[in-house]
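What follows is a pair of complexes built around chain A, which joins chain B in one and chain C in the other.
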Partner chain A sequence: MTPPLLVVEDLTVAFEGDPRPVLDHVGLTVPDQAWMGLVGESGSGKTMTALALLGLLPPGARVVGGRALLEGRDLLRLPPDELRRVRGSRIGMIFQSPRSALNPLMTVGAQIARAVRRGGYERKPERAALDLLRKVRIPDPEARAQAYPHQLSGGMCQRVLIAMMLAVRPRLLIADEPTTGLDVTVQAEILELMQGLQRETGMAILLVSHDLGVIAENCQRVAVMYGGGVVEDAPTDELFHHPRHPYTAHLMATLVRADRPVDLASVLPGARAEEPPGAGCRYAGRCPHVEAACLSRPVRLEPVAPDHGVACRRHAELAPLSLEVKAGTRGREEAS
Partner chain B sequence: MTAPLLEVADLTCEFRDRGRTVHALNGVSLTVGAGETVGLVGESGCGKSTLARSIVRLLVPTSGRLLFDGQDYTRWGERRLRRLRKDVQIVFQDPMTALNPSWTVRRLLLEPLVLHRVGEPERRLSQVLDEVELPASVLGRRPGQLSGGQRQRVAIARAIAARPRFVVLDEPTASVDMSIRASLLRLLRKLQREEGLTYLFISHDLSTVRHICDRLLVMYLGRVVEEGRTESVFDRPAHVYTRVLLSAIPVPDPAVRRRRLPILGEPPSPTAIPTGCPFRPRCQMAAGECERPQPFYEVGPGHRAACRLARVEPSGEAGTPA
Partner chain C sequence: MAVQGARPLPIVGVPSRRRRLGVSALVGLGILAVLIVLWAWGALAPPRDPLATDPASQLLPPGPGHLMGTDTYGRDVLSRVMAGAGLDLAIAASVTGVSFVVGVLVGALAGYHGGWIDDVVLRVVDVILSFPAFVLALAITAVLGNSVRNVVIAIAVAYTPYFVRLTRGEILSARRADYADNARAIGNPSWRIVLLHLLPNCIVPALVQASLTMGWSILDASGLSFLGLGIKPPTPEWGVEVGEGASNIVSGEWWTSVFPGLAITLAVLSFNLLGEAIQARFRPRR
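Our next item is the complex of A and B:
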C-alpha cells in the first residue's frame, strides 16, 4: 500500500476569546491518488478544516494545535511565503462559488494562461489555455477565452477552474462543495470532468460535501464530521453499509434518496444538537445511545479495523447499528 | 370528477431584459385537486419560480388564465387579491430573506393573523406554533437567532397561520441541512393531513419530490414536458429530458452503479426558444419531426409526455395522442 498523501493529526482551531475550539483534534488521512470525502452538516467544521489546511482561516481564527503532513512537510507550520508556494502548486483548490474565485477584471483565457505559466513548462501559455478550455469541454473556446467571469454561467466558471487545475497539476486538490448550487445535469458533468482530471494527473482529491450521493459515487474513503470533530473515518462501502458511529447511522437512516422511498413517518421531530455540557462526546446531546459516562470525558477517534476509525466509546457493544429509525429514540427539539 | 382547486390554463409570461424578450413561461397548463400534492421539477431557468410567483399573483402573467376554486383571478387588483391570499399562500426557499430580520417570531406570526382578521389571534398563534413543532421559547427571538430548520418552520407557520387552503412551496427544503430535510418533509405531510392543505411543491431536488408528491410535472424551458403519478414518472420516464434528469441524480449508495444519459451542448437561454420540442437542441434522440410542436402522448393512466419517443407506432400497444 502506498503511504497516504496527507495525514492530519489533532488539528485544533479556535477563535480568539472563545475557549471552545471550532475544530477539536481533527484527524484525517487522505490516501494518495484517490478521492477522499469529508461530509457533515453546516457548522460541523468541514470547510474550516479545508481552510486550515490551506492557511486561509478567517480573521480571528487560528491553529492552536496539531499537524498536517503533506509529503513530509507540516502545512500548519510553514512560513507564509512558503505556504503560498505550496498552495497553487502542490495543493489546488476549487470552491462552491467559482465566479468569486476568478479575477473579475481578467479574461478567463488570461487567467488560465497565468496558471499555465505558473505550472512552469509551457512556451505558449495562451495556446495551452485554449487546449485546456477544449479539454474541459467548453464550447467555442476561442470566443470563451476572451470572456470575463461574469459573462459565463456558474458551471462554466467551475470548468475554467478545473482547466486551471489541469495546468497546475497539484498533488492534492481540495474541492469545497464544487457542485453545490449547480443543476443536477451540470453537476454530473462537472464531476465527470473532475474524475478525468484525477485520472490524468494522479492527484488526490479531498471532496468537501454535504451531499452523500456525490460522496458515495466518487470517493473511496469518507470522513464524517460532527460538531467540530471527525466521528467516523472509513472506506466508503463500510461507512454506508456498516456505519459504526450512531451519527453516521442516523444520517444513513434518514437519507432522502431518489432511488427508493424512505418511510417519513419514522423520522423523528427535528433534532439539532444542544452542545453537551462539559467535556464529553460531541454527539451526546442527540445520541439515542448516550450514557452518563459519555458526558464526562472527550471521545477520540480510535481504530475498529485497520482502516476504520470511530469516535464512540460504546461502538463495540452497539455493533451492528441499525439503519432503521426506531420509535423511542431520543428526539430533541432543534435549538440554535 | 370534482373541479380542481387550482387551474392554470395556457399561461405565458414574458419579461423585457436589456432589449430582449425573456420567455419564462410558454403555455403552461396544470390542475391541482383539493388535498393533492403536485410536484413541479426542472432546472434553473425552466420557469418554475416564475410559475410559482404567477400563481400567488406576485406577477401578472402575459396571457393565459389562473383559476382558484373556479374563480378567474388572473387580472384581480390588490383589494380582491387580499381575499385570495387568505386562501393561497407561499413558502419561499430562503427564510433568511423571506422573514423580516428585525421582527420577533411573535410579530412575524401575528401579522398574517391580524391582516386576515383571524379571531382570537393569540390562541391561533400558540396553536400554529404547536403545529410546526416549535417551542414557545422561540417567540421572543428574531430570525437570525434561530437555526435554519427553525427559521423554515417559522416561514411555514406564517404561511398556514390564517388557515389557507392552498400553499405553494418553492424549494422549501433547499436551504436546510440533510439531517433536517426529512423532518421538514414529515412536518409538511403532517400539516397537510391535519389542516386539509393542498400543495404545489416546487423543487429541483428529485429525491425530495419523490417522497412528498402524488403527481409530478417536469418543466423545461417554460413548458411542461411530462406529467404523471410520481411513481409512474420515476419508474417509466417517457420524455428524453426526464430520463436525462433522473439519470443525473447521484445515488447515496456505493453499491449502486448508475448510467448517466448524455445531454448535448449548454443550458438553453429563455431569450431564444427553439421551435418544436424545447429540449431538441440538447437531445441525443432528436429527429426532424421534433422541430414541430410535440403533442402529449398518453403513456399510462394519467401519465403523458410531449416527446415523439413516448408515442408507440400503430403496431405497438401504448401511446396515443392525448
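Our next item is the complex of A and C:
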C-alpha cells in the first residue's frame, strides 16, 4: 500500500471565547490517488475540517492543536505565505454553492484563464481555458467562455469550478458537497466527470457529503464525523458491512435499501448533538449502548485493524454490531 | 478575453446588458455636454480674450456684441465663463480623482486587513469628518496658501474620508465571500483577491460618491475663491467671477455674477443627476 497523502491527527479548532471546540481531536487518513469520503450530519464539522486544512477558517476560529501532514509538511503550522503556495498547487477545494463561488463580474472564461495562469503551465491561458471547458464537457465552450456566472446553470457553474481546479492541478482536491443543490441527473454527470478526471490526473479527492449513497459509490475510504469529531475511519466496504461504531451502525440502518423493508423505527432517537458533551464520549447522549464509564472520559479514535479506526470504548465487546436497530432502544433514557 | 468565433449566448430571459438611460442620466449628461462644449469653444476660439480689459466697454448689459455683457473692467463675461468651465471642471476632476484613488485604496486596506490598521484609519477618518468639509478646506488653503494645486489638495483631503468609509464597509462584508475563498483556494495572494475580485464588486457606492464629489468640489472651489481664499483674481474661475460681480448686483448690473453663478448651479446639478443615475443603474444588483 502506498503511504497516505494526508494524515490529520488531533485537529482541534475552537472559536475565540468558546470553551467548547467545534472540532475536537479530528483524525483522518486520506489515501493517495483515491477517493475518500467524509460523512456526517449538518454541523458535525465536515466543512470546518476542510477549511482548517486550507487555512481558510472563518474569522474568530483558530486551530488550537493537532497536525495535518501533507507530503511531510504540517499544513497547520505553515507560515501564511507558504500556505498560500500550497493552496492550489497541492491542495484545492470546490465550494458548496457553485454560483456564488464565481466572481459575478468576470466571464467564466476569464476566471478559468486566471486559474491557468496561477497554475503556471500555459503560455496561452485563454486557449487553455477553452480546452478545460471542453474537458469538463461544457457544450459550446467558445460561447460559454464569454458568459457571466449568472447566465449559467448551477451544474454548469460546478463544471467551471472543476475546470478551475484542473487548471491548478492540486494533489488533493476537497469537494465540499459538490452535488448538493443540483438535480439528480446533473449530480450523476458531475460525479462521473470527477471520476474520469481523477483517474486521468491521479489526484486524491476528499468528498465531503451527507449522502451515503454517493459516498458508497465513489469512495474507497470513509470517515464518519459526529459532533465535531471523527467516530470511525475505515475502508468503504468494511465500514458499510462491518461498522464498529454505534453511530455508523445507526447510519447504515437508516439507509433505504432495495433488499430490505424500510424500518421507520430505525430512525435515530434524540436530537443531533447540541448539548455540550461534557467530558465523555460525544455520542453518549444518543447511544443505545451507553454505560457510566462512557461519560467520564473522552473517547479518541483508536485503531482496531491496520486501516480501521474507531472512537468507541466498547467496540470490542459490541462487535459485531447489528445493522437492525430495534424500536424502543432509547439511548437518551439509558444515558440519564 | 478575445475568443475567435464567439457569438452572443442564445439565452432567453436574461436582460440585455444595455439598459435604457433614465431621465436623470440624460439631463445630467446633456448639461455636462453643454459645459464641455463651452469649455472647448473657449479654449479653441474664445469670442474675446477672457483677461483683456477694455475701459471703453465697462459693465455693458448682455447684447449682440457681448452675449453675457461685460464686467467692471470691460472683460467679456461669456469668455470668462467659458474659460472658467475648463478650470473648474479640471479642479473637480483632480479632486475627485485624488480622493477616489486614495480613499478606495485606504478603505480597501482597512476593511480587508482589519485589526490595528482598521482602527488607525477609522480614527483619522473620524477626526477629518468631524469638521464640515468646506470649513476644513478653508483652513487648509489658509495654511498652505492659495494656488490651484493647494485648492485641489485642500478639497481632496476633505472628501477622501467618504470614499474610505464606503469602501471599507463594502470590502468588510465581501471579504469572506465564496468567490474570494475560491480565489484563495487556487492560491491567489491577498492583493490579487482585493484588487481583482473584491474591489470590482465593491466599487459602485464609490462611483456614486465620485459623481457627487465632482459637484461638491466645484461648489467648494468656487466658494473658496469667492471668499478670496481659493483661486486668485483675475484668473477666470466661476467663484472669482461671482465674487467680483457681487458688488454690481446692488447697482443693477446683475449679469456679471448671475451667469457664472448659473454655470456653477448647472454643473453641480449635472453631477448630482449623474450620481443618481449611476445608483439607479446598479441597484438592485442582479
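Operating definition for what follows: the second predicted complex is superposed on the first by the 312 of 336 C-alpha atoms of A that agree within 3 Å, B and C clash if a C-alpha of one lies under 4 Å from a C-alpha of the other, contacts with A are read in each partner's own complex, and residues count from 1 in each chain.
Criterion: a residue touches a chain if its C-beta (ideal position, glycine included) is under 8 Å from a C-beta of that chain, and two chains touch if they have at least 3 such contacts.
Worth saying up front: this structure is predicted, and the values here are computed from it rather than measured.
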Touched partner set for A:Glu41, first chain B, second chain C, both or neither: first
Touching partner for A:His150 - first (chain B), second (chain C), both, neither: second
Partner chain(s) touched by A:Asp18 [first = chain B, second = chain C, both, neither]: neither
Which of chain B and chain C A:His241 touches, first, second, both or neither: first
Which of chain B and chain C A:Glu291 touches, first, second, both or neither: neither
Partner chain in contact with A:Ser89 - chain B first, chain C second, else both or neither: second
Chain B versus chain C as contact partner of A:Glu142, first or second or both or neither: second
First (chain B), second (chain C), both or neither touched by A:Thr254: first
Chain A positions touched by chain B in one structure and by chain C in the second: none
Residues of chain B that touch chain A when the two form their complex: 43-44, 133-135, 145-150, 153, 177-187, 189, 204, 206-208, 210-212, 234, 244-246, 248-256, 258, 260, 263, 265-267
Footprint of chain A on chain C - complex, ascending: 1-11, 14, 176-179, 181-189, 196-197, 200-201, 286
Sites on chain A touched by chain B in the complex: 41-42, 139, 153, 155-156, 183-189, 191-192, 210-217, 236-237, 240-241, 250-251, 254-259, 261-262, 264-265, 267-272, 333-336
Residue ranges of chain A touching chain C (in the complex, touch as defined): 54, 56, 58-59, 84-89, 92-93, 95-97, 100-107, 109-110, 113-115, 118, 126, 129-130, 142-147, 150-151, 161, 164-165, 167-168
